[in-house]
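Which chain is which? They are A, B, C and D, in the order written, and residues in each are numbered from 1.
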Amino acid sequence: MDEIFMILTRLLMGIGHLALIVVAAPLVQGLIKKSKAFWQMRQGPPILQPYRDLRKLLKKEELVSEHASWIFLLAPRIVLAGTLMAGLVIPGAWGWAPFSVWGDLFLFGASLGLVRLFLTLAGLEGAGTFGGMGSSRELFIGLLTEPALLLGLIVLAFITEATSLQGIMVGLQSVSPLDISKILALIALGMVSIAEMGRIPMDNPDTHLELTMIHEGMLLEYSGPSLALLNFAEQIKQLLLLVLLAQIIWPSGLISFSDGLLGTLWALGFIGVKVAALGFFFATVESLFVKRRLFRAPHYLATGTSSAILALISLWIIRGQI
Amino acid sequence: MIGISDNELNLVLLVLLVSGLIMVYSARVKNALNWWTLQTVFVSLLLIAEGYHNHAIEVIIFGVLLLVAKAGVIPILLRRVLKESKTEWVGEIYLKRALSLVFAGGLTLIAYEVTEPLMALHSGYRNGLAVAFALIFYGLLLMMARKVAIVQVLGILLIDNGIFLAGFFLTQGMPLLVELGAAFDILVGIVIIGILSKQMLENYDSLNVDHMRSLKG
Amino acid sequence: MGNKESQSFRQLFMGLSIVLAGAGLIWGTILTCRGGDWIKTGFQLFTEAGAGLSLTWKLDGLTVFFLFILLLGQGLSSLYALGYLKEYQDKNKSLWPFLINWFLFLASMFGVLLADDGFTFLLSWEMMSLFSFFLVLYEHEDPQNRKSAYIYFVMTHVATVLLTTAILYLYALTGSFAFEAWAKAVPTLSTSQLNLIFLAFFIGLGTKAGFVPFHIWLPYAHSAAPSPVSALMSGVMVKVALYLFIRLVWLTLGPGPVWWGWLFLLVGALSAIVGILSASVQSDLKKLLAFSTIENVGILGIALGSAFLARSWNNSWAMNLAFVAFFWHTIQHMLFKSLLFMGAGNIIQATHTRNMERLGGLLKRMPKTGFGALIGIIGITALPPLGGFWGEFMLFQSLWVNTAHLANGWSKVFLPLSIGVLALVGGLSIATFVKWFGISFLGQARSTVAEKAKEAHPVQYITPLIVGGLAVLSVLWPSAILALINLPLSVLRTGDVLGISSALGTPLNLSSTYLILLILLTVIVIVLSKRGIRRVTATWNCGGPLTPSLQYTAGGLTNPIRVLFTKVLGSHRHVEGDFAGTQYTLRSLTYEGKLKEVFEYSFYRPAIGGLIWLSSHIRKLQAGSIHLYLAYLLVTVIVVLILGR
Amino acid sequence: MFIGVAVIAAVGMLFSAKDTYLKLLNSVALVLLTLSGGWTIRKTLSQGSYAYGTGIFYWDALSALLLGVIIMIAVYVILFSFGYMEEEVHEKKFPRTRLKWYYFWIWIFMATMLLVVSTPNLGIIWVGIEGTTLATTLLVGFYRNKQAIEAAWKYVILCVVGISFALLGTMLLFASVAPLLGQSLSALDWRMLPKVAGQLDPTLFRLGALFAIVGYGAKVGFAPMHAWLPDAHSQAPSPVSALLSAVLLNCALYAILRWYSFARLTALGPDFVGTILMSFGFLSLALMTGFILLQKDIKRLLAYSSVEHMGILAIGFGLGTKEAVWGASLHLLLHGLTKANLFVIVGRLVQKTGTRQMARIRGIFKVLPYTGMIMVLGLLSITGTPPFGTFRSEVSILSGLFKTGHPLLGFFSILFLTVIFAGFLYHFLQMLYGKPSSRHQPGESVSTLALAIPLLVVLFLGMFIPQSLNQALNQVVKVILGGV
């Protein structure tokens, strides 16, 4: 009896988790846009603008390239779904993730990989130049980010001796925020997530100047609902990365029912503040730097990877195991 | 057991050795042939002497046969070939005559060196064996350092003499059957080589073996 | 033979092969499900051969697992060949060489798997090489194929030199060919002897498996062979070599020093990186697949290495994980690689070209093949939800466990680094297969042959779909695969895998959950976004008309990779612009990119050159002058006389 | 008795040059030869050894093995040479009148070889071997063109010199035995020798053995005395090449083996001669790799491979372990069959294509499919690839090499074999595929496949060795190793 109850609660919580992600994603996007505008001394669009954009796009008529096949229409759906799957392993507001078995940190990277696969395929669908260009660069940057991401997470896993993200978060609570290897890993993850979010200096989310764009290049052929889904997926991905980083910087542990509604709400507010702060931080970074050319990307990401490796070494050195 | 003393024996050996050396050194094919004939006569005489001393009639007969066949038939045959082919000079290759003489000296030393452990034998015989080996080596030297086919034949014959001598000193006569077989083989061999050299003349119109280097690698 | 009868022969032979495979599978499954104790004991069958060289066969859990792989591969590729061979038949090319060698090849692989002593193994091993060589040679009209076959056969033979040496050495040491005798005698051997034998085995088998740097032959052979054969070679034959690693090194030579494990790990990582890098810059349909085979072998090598290390650090959990990963990945790679080769085969038969630069837009013309290929690339790039991922998942985990449970030492740094390597490989493989699929199936046709392409014979697209179905099934029902994997694990004396199913089961059951959830979400999204009208228009191209030449080419798509890894790939590019007088108006631009196989050019060619040089000097001995020969004779006599005294 | 058959046949050949007459006579001779030979072999193997008359003729397992090889190959080759020589006559290679001489010399050659394997006397063996040289010289030079004569000359000169060394060796042996066995012919009888082997004067005997091995070795074609071999094999008519390569070399080796088998018992110890054999064998193997790798002439290729295989045999016998000798004896048989078949088929090929240069032969499968198939079989067999019997024999030889503690030698031997394999494979692939040149005469009948019979035997022996053969080989091992 209570088994079924357990399963049901799990299911409900999972749906709640996803729902929260889905709702929050555009908001974060708006927030970041706003803060960029702040640095650029502009008014900027209202925070809720992304919601409106999505709604408008969903209503619009959709244009499909004559060369495109069924993958063209399938890709956005799978991209969104894959991003959500990645969301299932990220511990949310209550420090709880629907999927939490050992090794699920690999699942996170892999799901993003699936997303990348379909995005790049979609980019090739249009038979145009820019789509191909976008896919090519996305693939390039993607293969450079993967090691840094995985190594960074692995280091955290070693620190907390758990390979599920939830376990890591729980474990991190007992680790001092100034743990050197943790900070190094954090740097790695930060650089990676800038690349993953497609922000300066890797990519420029706002531009539509053909020769510089990566992510936008792949989306060039899309319009209407499909475009909405793709943008939405991108926003969700961004949110997930922000949450991940936030949880690592200042982990909020598991909130059980015993803490009651207040505790739950408090956790919600807490994570909201953390994510907002991070978003503002990245907006600042974006306003301070300029986009690099493609072949500087390796240097940038190599820095990330090497800092992850340093984190690993420092970890063992501190533990006196080397 | 053969009725002559060591000194005489050594004298004979000396003659054989020198004749071999002269064959190596000689510049004309004819000379070499003559010296070989002389050598053969001496060898067969040794055999006959032994037979006489042991009253072994069959050995004497064999020696006489040998004398006739080798010192008689073969030289004539070879002379005829020489006349046909109008060859006069032994063509030197790799080694000039003087140098080959030096080599011959070296080979003689080797021959003595090789037979050195055979101290068990009677000293005179040991010398004989060493000379025999030396003659064999000379023959090979002659064959490898002279161009003309006939000289190579002479080389074979020289080797044959050497072997015969060795057999003589080692065993006082191999079993007759083998001896005959050996001698017969040599004769047939010479005949066949004669046929070949005839054909060589037809094809190359000279007996210079060195023309035949088309088969390589 | 006439067209008609060759058709009947084709159907007869391939049908027979399929039936045999099916029967074998069913029989095996029944016996296995009936709690096969007999598997552990094994049965032996002697055949009279004189002088103590007797052929002995044995069957145990390990063999059963690989027999399963073999039979599955045989069945599938035979089914595919049934359709594929039709083209040759239409071209009135005699099928006999193919059919006969096909059967003999399969038979010899069975022989290798069942062999229980060195001699039997050598015999069947050589025959395996021989018949696969003939199969590679089947399309001998193209001199390039002949060259490939030649390289393949010679390299396998050079590898066999080491194998033979090691086996005969063991024979000399133990006085027997039987594997058990070796295993018994190993403790008596000195470390140096063991290491020598190990190295010989490593290189000998590694060549067949395609470890870098012994991999040169693999891209040649696998791309030259007819597609069903490529499927069999990539899917099964390579695995047979890996099987022998376990049989001869793990089970026979025993634990051995730690560095063996490191060697496996290192070579595995190297193969993975080099393989996938070379694959990513290929523009030849089948060469690309062949290189990716090298990559996957590398991954399997890493798994083996992890297992070896775990064994020498007696960390049974990591070892189990590593082996589960190994066997799981073996199955999955077999499925996906044969699937992809079948897809490539269809494309080649439809367009008669292997060059991706001339393909494009095939998904519209051959939709079913395309769908199968899509499943294939998701699987081969080790992405969830398909099985390719879950293997690597467990490999990651085993490496992690290995590291975490290690007391101390630099190993704690190097092992995780191999995780990083795997991540890099994953990223590269995504790039590679996006290229493979995207360039050939998506966009618009780059040549007329691609435009005229027709969907292949039904058998040829149904078979890949079956394979894909099996792959999905293996994810939906992982416990079945686990039960299969349990057989070899019980032989490897690493305890029962189900014993740790509490730890292992969850993630693997997760695989089905993941798949279902993903599909569910996708469906939901599709349903939700099903509003609005669609209109088909031209692709936007800054207003200009869109010609095929404006598409990104295969070379272009992965050019960044090529530029970044120029040294490793030995890539040379040569761009020539013809400016009409001024430097502003460009009349024509020619781009030529070349890839030199670094290992081939840095090691193999010099070696061969040296050999040729040597023998050309030896040949000078036979100068044609009889005087010289007589001199040889004289010298020989004298030397022998002097030495002989 | 079969010697008589051979001699009579040889003489008979001279009476008439009529084609039918020659064919008839040959066939009859072959039948008689097979019958009497087969009978002798059976008798020998059944009772271990068989003496004829007053022991002038004597066979044991070893002689029986050689006898079998000689007869099998003789039948195969002579039957083949009917058609072959006919074709040659048509192509005006030589006048029809010389055909009878061809058969005459062939049968003399047969007689000498049969004499070699039938006599128990080392002296007579020497006579026989010398006889083979003389009998084959004119066969080698049969075409009477420049190259043929050159080859014949080199052949006769080198071999006669070599053989005379063997004679010297025999004399030294006699000298060391005579004191013990008396000055009679029986002193050289290898049935007697083992009895006194212990008391031989070692110095004399050592010298003798050295000379004998070098002498017969020149005839076997051990490197570096092999120089005559490729020339002779490439210039002789193909059937003759087959006989030379498959039988003659084995006969010379047989002579060495006789010396070897009792030299093991003397004061020199069992390994003295063995070591020399092994070093010659290894040298041959090593040098031949170079010649084979860069060969241009197909018949020379085969000739060099014969030298290589003689090297393998020398290694195998020289090792003197039971297993190695077993393998070597088997290899002797298999190599004979394979090489005969290859020379025959290549002879046909050369006839059809009109060239021996492998560079000029292309696309055999297109023009002569059956020849192509047989060539593939031959290639696999000569390179010791399973499932052919040569693989098994080579493995047992090599394993002997390892067992006696020469792993390094073993490794290099395998390596050389592989390089040789690569060379062969390369040349044959080049010839089998590609675009045939216009000069090739296409088309042939299925009956060509009949020529593959020896190879099929080798194939069969690779998969299954009948008990009788196995026992015979074990007897041979006993003979050579002296009851080990």
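General observations
Just so we're on the same page, a contact is a pair of C-beta atoms (placed from the backbone, for glycine too) under 8 Å apart; a residue touches a chain by one contact, two chains touch by 3 or more.
Fair warning: this is a prediction, and the values are worked out from it, not measured in the lab.
In terms of C-beta pairs in contact, B-D outnumbers the other of B-C and B-D. Per-chain CA centroids place chain A at a distance of 101 Å from chain B. Between chain B and chain C, the centres computed from C-alpha atoms are 70 Å apart. With centres taken as mean Cα positions, chain D sits 31 Å from chain B.
The distance from the centre of chain A to the centre of chain D, each centre being the mean of the chain's C-alpha atoms, comes to 79 Å. Annotation for chain D: residues 153-154, 157, 161, 165, 207, 230, 291, 294 touch two or more other chains.
Among the residues of chain B, those in touch with two or more other chains are 114, 117, 140, 143, 209, 212-215, 217.
Counting only residues that touch two or more partner chains, chain C has 619, 622, 626, 628, 630, 633, 637, 641, 645. You'll find the chains touch as A-C, B-C, B-D, C-D.
For chain D in complex with chain C, the touching residues are 153-154, 157-158, 161-162, 165, 206-207, 210-211, 213-214, 218, 224-225, 227-228, 230, 276, 287, 289-291, 293-294, 323, 326-327, 380, 385-387, 391-392, 395-396, 398-399, 401-403, 405, 407, 410-411, 414-415, 418-419, 421-422, 425-426, 429, 433-434, 464-465, 467, 469-470, 473. Only residues 58-67, 69-71, 76-78, 80-82, 84-85, 88, 99, 101-104, 106-107, 109-111, 113-114, 116-117, 120-121, 124-129, 131-133, 135-137, 139-140, 142-147, 149-151, 154-155, 157-158, 161, 163, 210, 220-221, 224-226, 228-229, 294-295, 298, 305, 308-309, 312-313, 316, 320-322 of chain A touch chain C when the two sit together in their complex.
Of all the residues in chain C, the ones that touch chain B in their complex are 619, 622-628, 630-631, 633-634, 637-638, 641-642, 645.
Remark: chain B residues 114-115, 117-118, 120, 136, 139-140, 143, 149, 152, 155-156, 159-160, 163, 166-167, 170-175, 177-178, 181-182, 185, 188-189, 192-193, 195-196, 199-200, 203-204, 209, 212-215, 217 touch chain D in the complex.
Within the complex, the chain B residues that touch chain C are 93-94, 110, 113-114, 117, 137, 140-141, 143-145, 147, 209-210, 212-217.
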